[in-house]
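By letter and in written order, the chains are A, B, C and D; residue numbering begins at 1 in each of them.
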């Protein structure tokens, strides 16, 4: 028999759906001691929260997150609200002794993040941040190959996250699905939304970043604001790119934008080492390309690995070789790991403390762009 | 409030998992009048059936499919057992007034299939066969583009399904996961297992097949039989290829094998018409390649369409552009359509009657290979 | 100092250009004892022949191929005329003691081919047929890998040659650049033009073909004939596909058409063996894909080999890794090999005798399609 | 009848071969008033120069470039020597009234480049720099599409040139084929060798670059020097990356390295505009990928354009659709354009003056890396 893990979800937007799905599916595929129970969903709009609860079969609804946190029957608070609310909710949840699962990015800035880390560490509550792309099987396999030392000394790391959905100048900012365009709610534009993923994976695969030089751009300077009804200055960065040095001496190159026609969600990374290289992209997420210079010269070329076999990360739990899984499974994997770590008394990476490092790099990037100078992380 | 649709699943193997998953997930993503309820799973091995029920949260277990069919609280029988049991179970279920959802291929041969069709038609029970690949969004989009007449007169259709998992001569045949290698349980080898998918999609996209010339091969002639413990002659076809004429005058080329190193489950099709072409493969199932000769000549080339946008089939129900779904979603889509059709009083394609046509082509293919002559379907 | 090899070219069409280019370039890149000299070009239209001679710097022009053959200063006759003239010219050239280089296909039918082989063998003159695609570096590398036994026992061979340039029903047949559509000049349609390449490579890589079952189609039944000015029945095959058994027990699948929208000259082959597989296509001719099942499982995938390194066939003669060569170089390679073989007193593959085997397969294919039955080669 | 254009080539290394090949082939494919004549090759090593002359059929040999320039029978001086000799030779040639064709990069630094520009402009001699990649048909087609305004306002430009041939720490620097590793001969490492190509194409396609922030790295700090026989400090940059703003407001991202395992000569660019995008890479140089947001949504995707048709740049001169050309043809095209411009009295782009702009960007990049600050160009 499994033990229930009662989930209180805050926020019923896009991320609310991905997390709910993960909680509902995890035990069908992963044998775990704990089984998440969709105990309550919380949102300010009661009607929408009710509809969400009905669709996903949450047992109850709250409209005040403080009440949710106060409930005795809730074990874990999952934060899926806009970035500017993460800190307050997370800290309150930790103080109430709840486990906290927080959507990325951790916080609006490193200072907020520090307080969040302090709160969960002081409360000694399990905590994790949903940098879900680490748990694409092909990405986890990349981590394994790097860790085994197959690439040798690393020379280069490059990563990009390209989208094209905000090019239309008539798109408003703010509110509901568009809070990511509102600097007040999001803190930054592509830096916190997209580059944060690139940075999290980079640090995981290649270690810490030492210093950065960056540039940002806001192509559309003013947009109608949904909350005020007025045309207002756009405060977010539409595009951001930076160069960096990693602590291991390798060079980094990062870029992110919502103005790259033809790319829906092209998140890529590539790492080049002395002996070999790896590359991956989210548009074909089940594939990992691997190059090994030690292959015999006449048959040397990038291996196109279809990461769907049972000896590859997470894949023994799903179907058979050749049959792919998708985006949503990364969240299932994160829950599966969280449940396993919970039973084992281990932290689940990335913890708040780990996610704080990404926040610091984001901050250095934004500062560098603002000051037009290299910044240490 | 949704109405329950009580499911009685027969078989707890690979397909039992894909169907159970589909039933559990469909209402989270598709608004439907009916909601499948995992009422009972049936399997001869009580212990395994219990374990399966526990994992998937079936309410009860049966070890005799006839008892399952006799239960008043079961609305639909879903058949996930080896091919040689489909007819008997399906006919009994129909006669008991149950809806029947049957794994493909429909039957061991057209004669059996005719009796199954007669049974469901006489009983007037909703029925469908799980040719799931029709409901890959990219494949459904292909159907839409063909139906709109975008390709013009069709000249060519080619399809293949290549695997490489039975090359090892030490692999036994028969029993459990290996019943597909046992001609007694499977009826045929790759023809019924893999080519049947190719044929179903082909007929759906390009109409009926008129005649065929085929060849089959069994590369490993004898294998240990798991059920008898003896080395026995292998009765299935390891590989099968055929040429054909479609009723619309186009030429067809089909191939399937389990001896193609490097291909895990490479199911592909391509269709060439007067104005344009389409191609697709299961290893990157969210992509559809489209060629349109009417494009301006200097920018003419295959369009690489990442079928993940909200205006593409089924995709408004999932995530956002660029984020892919996978294999298992094809089953969710089939359930979603079945539930919608049920509410509307419509048949769900492919019905038993439609699947019988595929069975007839398979039979013609096997006969052609045996007689080394062209066969009409 | 190099020795001159005086070339007499018959025909100044597309193939006349590719051969002339090869003769002019070969010694710039390949050290050889012989140096081809463009001594004379022969064509019935004096004005066009003069223009061609001027462009390519031929020393002289003939309008009667018999005079060309009679010239004492000509060492080798190169036949670039339509298929229906190959036999007569080649036999006369051989009888005059000239070396003969003949465009593919060798002949209109095996009977003609037999006489051509007899002529060159009796005259003991060096002879070769321009199946140029064998000498794409990636294809030659494929041959090397197969010969080294890397693939193990072969199970499957498949090949296709897809074009789309004759779909327009208003395209006339016959004369000048369109003689390939005129059965009188070409003998057959895609079978002799395109499948002959597929078959030549297949035999080279995988050995002889035992028997075939084929179908052909002529989609546009009548076309204006350029030579008669009348709408006439089209005698060629627009499309041809066949299944076959190789002598080594593997299965073959071949297809060719000029009605596959989106494919300009997509010549592909793939070979699947016990241990590995190879595939190649002409649209990216410098790449060879190689799969080796003996690779470690977690990094197993198709190797994408960019065949441009100095240790790959012919590539030490050209540029540096990563820099590709193209179509025309296959002809340079054939001349380079011919010159080397000439100096060494060796035959240059494919000889007339080898090309005759391809002719026999073509004939079996056409007969099979006509009789709707399996034919032995 | 064509007019001779007498070429005096200085240098017989890799570039000497590519240029010689271009001169010899151009008139076979391009009708031009002028025909290059390989009058003389000049190199300090008489024996090697003789061998080169014999292979390429140069009429004569010089060992002193000043003598070559002094010859009355030479019309044009082509400079294929290491970078540190470009200025002296080019200025002398111009002063002697010779046309000058100079390998890239133009010079060691902008100051040298200014003097070279002044010399050719004062002498009013035709001049061009061999930035050959502009004349890959797919790249020229990209220029055409950009010029037609198809992409709309440009947001992003990114380019990289990745190689992996200097990773081995035992590779020496200096002399013969390795002068590119010797800062004294090359001036810089990948910046002048590889990034210069990226920058030239970028300026051509997207206009001038305003400012840059850059980083460089030398991974192997000391190497045996071939000329001194001693282990010496490596003065070149092994890797260089920079961010920039273009004058048109778009953002640029550039990277180049010789330490990217798996990439032989992966030169890529991508440009993203309001309506569409383009991308290309040298490893498959005959393909251009084009995205047009104005395509109907359900068939919207990158067009994979195989740039081999007669209506595409330069391709009417070569073979037929589907048959590719390669690296060396870019030089043929540059000669073809030079000859045509010469007859028409026009300058051939890039002129020395145009190439100077690239030199200035390279200088700004190196200065930025050295000072760790943004630099204006």
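Simple rule for what comes next: contacts are C-beta pairs under 8 Å (C-beta built on N, C-alpha and C of every residue); 3 or more make two chains touch, one makes a residue touch a chain.
None of the values given here were measured: they were computed from a predicted structure.
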(message) Give me the set of chains touching chain A intersected with the set touching chain C.
(response) B, D
(message) Between B-C and B-D, which chain pair is linked by the larger number of C-beta contacts?
(response) B-C
(request) Could you put a whole-Å number on the gap between the CA centroids of chain A and chain B? (result) 36
(request) List the centre-to-centre spacing of chain B and chain C in whole Å, with centres computed as mean CA coordinates. (result) 42
(request) Could you grab the centroid distance between chain B and chain D? Build each centroid from C-alpha atoms only and quote it in angstrom. (result) 55
(request) Would you pick out the residues of chain A that each touch at least 2 other chains? (result) 263, 302, 306, 309
(request) Please give the residue numbers of chain D that touch chain A in the complex, ascending. (result) 151, 155-156, 158, 162, 164, 167, 213-215, 217, 219, 239, 241-243, 245, 251, 253, 255, 257, 259-263, 272-277, 291, 293, 302, 372-374
(message) If we count contacts the way the header does, which residues on chain A are in touch with chain C in the complex?
(response) 141, 144-145, 289-290, 292, 295, 297-306, 309, 311-312
(request) Using the touch definition up top, name the residues of chain B that touch chain A in the complex. (result) 14, 18, 20-21, 24-25, 27-28, 31, 55-56, 163, 165, 263-266, 282-287, 306, 308-309, 318-329
